[in-house]
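Down below are the structures I want you to see.
Shared between the two complexes below is subunit A, which has subunit B as its partner in the first and subunit C in the second.
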Partner chain A sequence: MTSAEPLDKTVLELKDVRASYGNIEALKGVSLTVQAGEIIALLGANGAGKSSALKVTTGLLPPTGGSVRFSGRETKGERTERLVKRGLVMVPEGRRIFPALTVKENLLMGAYFRKDKQEIRRDQEWLLDLFPALASRAGQDGGTLSGGEQQMLAIARGLMGRPILLLLDEPSLGLAPKIIRGIFQTIGEINRTRGTAILLVEQNARLALTASARAYIMTTGRITAEGPSKELLENEEVKKAYLGG
Partner chain B sequence: MPEKDGKDPTGAPLRRPREKGRGKKILLSILRPLKAGLWLSLVAFPLVTFKFEAETRQAHFLPERIPLLLLICFGAAVAFDGLGWLKKAFGPGKRAGGILESPPEGLNRPRLSWVNRLLKSRFFKPASGVLLIFLAVLPFISSPYGVNVYITALIYITLGLGLNIVVGVSGLLNLGYVAFYAVGAYTYAILNAQFGLSFWVCLPLGALSATLLGFILGLPLLRVSGDYLAIVTLGFGEITRLVLTNIAITNGPRGIANIPPPSLFGFDLNQSVKPFLLKLGLIHSRTDLDKVLIYLIILMAAILTVAAVHRLENSRLGRAWLALREDETACQAVGVNRAGAKLTAFTLGSTWAGLAGVVFASQISFINPQSFTFMQSVMILSIVVLGGMGSIPGVVCGAVILILLPEYLRFFADYRMLLFGLLMVVMMVFRPEGLIKSARYQHIYRAPKAGEGDPSDSASGK
Partner chain C sequence: MDFFLDLLVGGLTKGSIYALIALGYTMVYGIIAVINFAHGEIYMISAFTALIFGSILSSVGLAGWGLLFAVIAVSALYAAMYGWTVEKIAYKPLRGSSRLAPLISAIGMSLFLQNFVLLAQTPNYLPFPALVPDVPFPAILTRHASDTQIVIILVTAASMALLTLFIKKTRMGTAMRAVSQDLEMARLSGVDTDKIISFTFITGSVLAAVGGVLIGCGMRQIDFYIGFLAGMKAFTAAVLGGIGSVPGAVIGALILGFAESFAAGYISSSYEDVVAFAFLILILIFKPDGVMGAATTHKV
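For the complex of A and B:
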């Protein structure tokens, strides 16, 4: 970034972040940045620490070192619900919608901290428009949705919080290619029309690299490669390790 | 899919644990109930082998009870372990107990049970109107004994609905709920005895003091969760009873007598109003107007509670409680303050117990610590579990069944607790969702009508 005031455009900045579960060190110094309105991919094999990086970002896992800045402010010690209010929303791994709440109620939970009833209604309508599969099931319990519908609901629920930065943890997990394409199309659309920055954690590297502008690759708790997604798609090593040759 | 290949670290060692685990499994299945039995005996030891004389304030040690204690505890542990097997063999499948499977493709319309359908039908309003009139007239045409029983049933409906917020909706197992009931009752008894405050002043004060206590207690309590919460609340209930037994203002184990019934605009109903109504032929000569008034008050309170709990359940906060019960991490991810939401559930649940306590004190006019034992907590919890966690009609039915049935089946009175226990175990195994399932948990599917969205074509985007 050659901009005169880079701080204003940086939404998220992780600097040498470390974190562990007991004596397992999951993050051994992770640095990454997300600029306003960007789609960034975070790739890596199982257990590389991608989810842990998101957990540290949202305050669900306390870092043991380094710093996390969100929209210009250090998040140290800030509770998750405060960060959500500031516009940092995570769609956790494995969907985790609320099965006993209806689709509409799930969406309302996403707007839990908001008080602007009118706007909440409008956002609800917008999202049901964006995901027609949900619209026809608006009154149905979340637990009765199919896997793909649950993922859409999880994303829609996240968007109800009007995030500045949306963290998506493996949205393609366990879904059919056709549904994945639909979801990725929608993610791109949200980014374009709303300017929401997106940090996309994926194992489906090809898809994520196609959808994103820049990407980071993680191996066992460290960032081992980064760059524009187009370049990474062409990179021989990346091809071999993550794109199936 | 074209992503990375066979580097899966979990691929190789999958087969090993099974072969090695067989002997260990059998050993575990023997050790597990033994361990549980040991724990149970340790916990129950002081309760069973010490007898506390309230009058002389002396404790007696009864070693001859130890064999019985061990027998019961280990027997119960083994029986409970066997239940797991029973449940697997005969119980409802994964559907129950909150684990939800995705519906089979194409079947996605939940069907409501008949009670919940009735509640949603157009007959509901006229039917509830008729029911209300009937309930309002009931005390005038019933015997004083009957009125007393109905008051008790209504008190327990209120208690059940209050505890339902805590246990049923929010999933916080509170085994010391009776403490808040006691605080309500004692608030009225003490304020009346010491300062002459009337029922009407004490009704909100009783509810308030129970609420306050719930808040103060909830603050540290809600740091623990699950089974620990159950044990701590159980302990708290017992501590409250012991405090009531041992301080001066409650008059210790002798309790407080002559608690007046509520008055209406300062009239003594049985002295001044009754002859008048008798002359008009509106009431029976045996009718106790004080009790009728209490009945009407608790009826109103119960109806208000139903309305309030219904509103709460469908409010922002109620949704958060339900969501919290299901997935705490997902709740955090959408910005719910977990501790705060739990604390409000715990606190608001206590309010109803305080309210019911005041009415209870005015009903029986004499309270002592023995009115507020652990058995009361068990009773209220049984109502919630039997009726259906999180289900308002369920809790109402549970209270009616558990309070009215024993009254009319006097024969069983001595074995009541034993029957409760048995009933709870049977319910947990065969119908964990309660008699009337909460409308939220009705995942029985039927085919969608023609023309509704095709589930296979559910990709998004425009």
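For the complex of A and C:
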């Protein structure tokens, strides 16, 4: 027996990650971890580097320094589509529904790499149960859905890949409060019933802190605060900067 | 009226060939936004493949529909290999570079393939073997259409039907549509987009091969240069229909085929090409998105 990482429950670990777009350094040494089954929030103002952190995690943006480990293995040089197969799924900002594919086809694209036909069908039924608004529109083009329905479809599509870790980039963006509440309830439910770890990037800090167990706060490419979400909700500085006083 | 019907059938035949080639342009453009100018050469090479294998297979006794389909199959296989290779050599290394680079590369590849056939085969026209089966089509069809025209239209229609089924119903076809709508999102769904791009080139090449075999049957002679003009016309058709749109390519090709046929019949056959390219200029000025052009429905 070697002593290296006995019973490692860490799903994702970013260590001192740096990344740039051309000359602009978007990440200046970011470290964070997500444990199995956790909901983690990543907060920060526009342009703080939250989306860049997600892009590095999924392999869409190659890091210029530091390391990313997913599910016990370094992801260096690993292609995005390979990481998806390993269980790292991102629901990107702006939902990115395939507009001219039907709702059902969008869902099936989420399970593209899977071969277990029966299980795929079962997952599809489960998700249409979870999001009844989608069930009645299964044959409709994704582009014809409302913003809220598109967000539900984007999350459902992501879940069709049976992720170990789901990255959610700004799921509340542009949606009505009532719809946001529904979506966050469902996110919590998925986490509880399936044990899917979730890394949630949000501008709506109060919402994210309420939904998550721990949180990281980013400012201009760095993590500037971290801790249990409950504590951050009470923290005076956080209140002033992100919760509107 | 008889003359009109003759021209109509002539236009449909021409349009069919253009459609088979235009689909390759539009599908590749839809996925990687590159105009594959070497595509016309795939069609030309397929005609040569058909000429060679048509002669061999008929000399060993194959005939009728069997001969035609065997020749189409062999040409399609060759074309698929060419299409795959062209993408790997001329476009894949340039992915992520400026938009001009693959365009230049495409023209270079087109010239290379033309001259390759010129040197490897001949600069002269070669007679094309008789591949059209001798079928007693009903008289109502043969009044205004030759057997060859009927076969061209039928084979094209069958190819379109198969393509539609493939794109709409299969997992790979759905992935092709997904990649053309949002390549990055397709990767985020676990799609190996390089594989889909390769497969798109192969599909387009197979369709061009069908066109190449059929044009040989129609013209009964071919040379190394037939791919250039046909490629330009098919490209025009794709733009006319709205480049990137599959039904658009077919509609654009048919419009172009009819326009050419009527211009040749009612004005003069020397105006055929003028009409075709006048169309291209007019579309680019007045409706650059084409008839079925994607009315950018991105909801961000």
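The rule is short, and it goes like this: the second predicted complex is superposed on the first by the 238 of 245 C-alpha atoms of A that agree within 3 Å, B and C clash if a C-alpha of one lies under 4 Å from a C-alpha of the other, contacts with A are read in each partner's own complex, and residues count from 1 in each chain.
Just so we're on the same page, a residue touches a chain if its C-beta (ideal position, glycine included) is under 8 Å from a C-beta of that chain, and two chains touch if they have at least 3 such contacts.
What you are looking at is a predicted structure, and each value in this text was computed from that prediction instead of being measured.
Aligning the two structures on subunit A places subunit B and subunit C in clashing positions. In the superposition on chain A, contact is made by A:100 with both subunit B and subunit C. In the superposition on chain A, A:112 makes contact with both subunit B and subunit C.
In the overlay built on the shared chain, the residue A:185 is in contact with subunit B alone; subunit C does not reach it. Which of subunit B and subunit C touches more residues of subunit A: that partner is B. Residue contacts after overlaying the shared chain place A:90 against subunit B and subunit C alike.
When both complexes are overlaid on chain A, the residue A:152 reaches subunit B alone and has no touch with subunit C. After overlaying the two complexes on the shared chain, residue contacts for A:242 are found with subunit B alone; subunit C is out of touch.
Overlap of the subunit B and subunit C interfaces on subunit A comprises residues 58, 60, 79-81, 84-85, 89-90, 92, 96-101, 105, 108-110, 112-113, 143, 147, 157, 161. Interface of subunit B with subunit A (complex): residues 1-5, 7-10, 98, 100, 102-103, 105, 108-110, 316, 319-320, 322-323, 326-327, 329-337, 440-441, 443, 445, 452-453, 455, 458-462.
On subunit C, the positions that touch subunit A within their shared complex are 171, 174-175, 177-178, 181-182, 184-193, 297-300. Residues of subunit A touching subunit B in their complex: 45-47, 58, 60, 79-81, 84-85, 89-92, 96-101, 105, 108-110, 112-113, 130-133, 136-137, 140-141, 143-149, 152, 157-158, 160-161, 177-179, 181-183, 185-186, 189, 203-206, 241-244.
Taken in their complex, subunit A has these residues touching subunit C: 58, 60, 79-81, 84-85, 89-90, 92, 94, 96-101, 105, 108-110, 112-113, 143, 147, 150, 157, 161.
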